[in-house]
Amino acid sequence: MKVLPQQPQTFRTSIPVRFADCDPAGIVFYPRYFEMFNSVVEDWCAQALGMSFRDMHLQHGIGLPTVHLETDFIAPSELGDVLQAELTVEKIGGASMSIVIRLLGAGNDERVRAKLVLAMMDLRARCAIALPPELRASAALFCIAEPDN
Amino acid sequence: MKVLPQQPQTFRTSIPVRFADCDPAGIVFYPRYFEMFNSVVEDWCAQALGMSFRDMHLQHGIGLPTVHLETDFIAPSELGDVLQAELTVEKIGGASMSIVIRLLGAGNDERVRAKLVLAMMDLRARCAIALPPELRASAALFCIAEPDN
Amino acid sequence: MKVLPQQPQTFRTSIPVRFADCDPAGIVFYPRYFEMFNSVVEDWCAQALGMSFRDMHLQHGIGLPTVHLETDFIAPSELGDVLQAELTVEKIGGASMSIVIRLLGAGNDERVRAKLVLAMMDLRARCAIALPPELRASAALFCIAEPDN
Amino acid sequence: MKVLPQQPQTFRTSIPVRFADCDPAGIVFYPRYFEMFNSVVEDWCAQALGMSFRDMHLQHGIGLPTVHLETDFIAPSELGDVLQAELTVEKIGGASMSIVIRLLGAGNDERVRAKLVLAMMDLRARCAIALPPELRASAALFCIAEPDN
């Protein structure tokens, strides 16, 4: 059965730019954006998909590592900025999904845009496994395209 | 003139333990606690002392580096824990202050206790300077002892 | 005048996987790979291009931020692994260059492959500027294609 | 049996200050010093004590977390500095040891001095256990005082 929302949802959260995030040029050091992305994915899983990273790792022995990403760093962000993060789902496969994360400044100006492919993994066997059905169904509400079957 | 509150205030904030904070043992990697401390100090300065790190660094050319610290790591914290941070001031000098930060678990159990000495610095000259009077007065509201004069 | 090597060079360095790099699954947390990439670029600039990040930032007021990247995380790396990094240049433009970084395991197995676009920036004006000619000439020795003119 | 060297050894390693280590003031962000300390301890365990963190965690199910530390940040370190780290042992107990780490600049000037208490832990049971005898004996070679018995 397909789960196809009429209007895909966007997951939103805000992220302060901390002193710890900034480099000698006074702007966010780009590896720190990936920590921000990871925290957005964590919040999305816990708050919108009903399965926290803690549950995945400690209870189910599964994880959701990033296996591919593409990122454009469009404009720098400074210490004290509060970034708005927006997450949508581009595509859901059997064992993975493609998501898009955008970070915006106070004036809705785009700072960073990224596409990430997240794969569901069995942590012990270190192999890909199918996305849990409930998580898949919840993620589909954020998806702009029809999921694969 | 002395600023001496009857009952010193405690600055409180909450800090989620992120995947990025945890090590292969599944608990917070201790250097990450210091990033948490720094974010507590940032929030305290911006919200309670009326001078953000951004203002200090970009407008005033000053900073508030940690010059000494002592820390007890009492019990480990796990992925998904939400820590309660409590900050009080132990002593205020002319160019520095001693603060105490405690991180507590959900059951008010102590996880980490730290004493930090923060010094006010001129960033260009790289020398200690007097605490700005307004910041000093605001910090004194969190102080358990009478400030030096 | 064109600088076109017959056989492009590869810049190589080795990177130990530290405890600090690893997540609760016992493998490298992917944002840490970007810190590794940045250190490879730092070493390449200092050792092969004749201009360290310190020189760029402190003497010349310029920087070399990453403005775009694509990364495939092919296989996980564990605590204690020593990764071999290989850097080559794919294309050199007027104000930017595309580089490829590969991280390999002990058996020459590919772990991570990334393409990064680095742009030369004036740090004060925050705008793109031309690559310094000496740096450009040195970088061309690592380039598989003829530089633009 | 006591292991008591006439002249205690010092473990030495060098640590470059990376772009990733530096803050908007252009100097090392203090939490990064603790990552440096951790890498010094990792190298000491692997190279001098005969038991790497990988062996501890993956083979033996033990770890060596820091349970207490005191640190003086004496002078700032800049991007591009190469710090010399020196590690000695101050005291060895049954399940823990106190070590001293100093970071020096190029002119042997002291930048950071820290005392850390490391405890041997069973990672599953999360309780303190006795230091393995071989590791204890090797550590004693770096100790300025006679170990407890």
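Labels A, B, C and D are assigned to the chains in the order they are written; within every chain, residues are numbered from 1.
Keep this in mind: a residue touches a chain if its C-beta (ideal position, glycine included) is under 8 Å from a C-beta of that chain, and two chains touch if they have at least 3 such contacts.
Please read these numbers as outputs of a predicted model, since none were measured by experiment.
When chain centres are defined as mean Cα coordinates, A lies farthest from chain D.
Annotation: the chain A:chain D pair of sequence copies touches via predominantly the same residues, more than half of the used numbers being shared. Chain geometry summary: the mean Cα position of chain C and that of chain D are 30 Å apart. Rounded to whole angstrom units, the spacing between the C-alpha centres of chain A and chain D is 36. With centres defined as mean CA coordinates, chain D is found 25 Å away from chain B. Taken residue by residue, chain D touches two or more other chains at 19-20, 24-26, 29, 31, 35, 38, 57, 79, whereas all remaining positions touch fewer.
Partner chain C is touched in their complex by these residues of chain A: 24-25, 29-32, 34-35, 38, 57, 63, 65-73, 76, 123, 126. Residues 19-20, 22-26, 29, 31, 79 of chain D are the ones that touch chain A when the two sit in their complex. Across the complex, chain D meets chain C through its residues 18-20, 26, 35, 38-39, 42, 46, 52-54, 57-58, 78-80.
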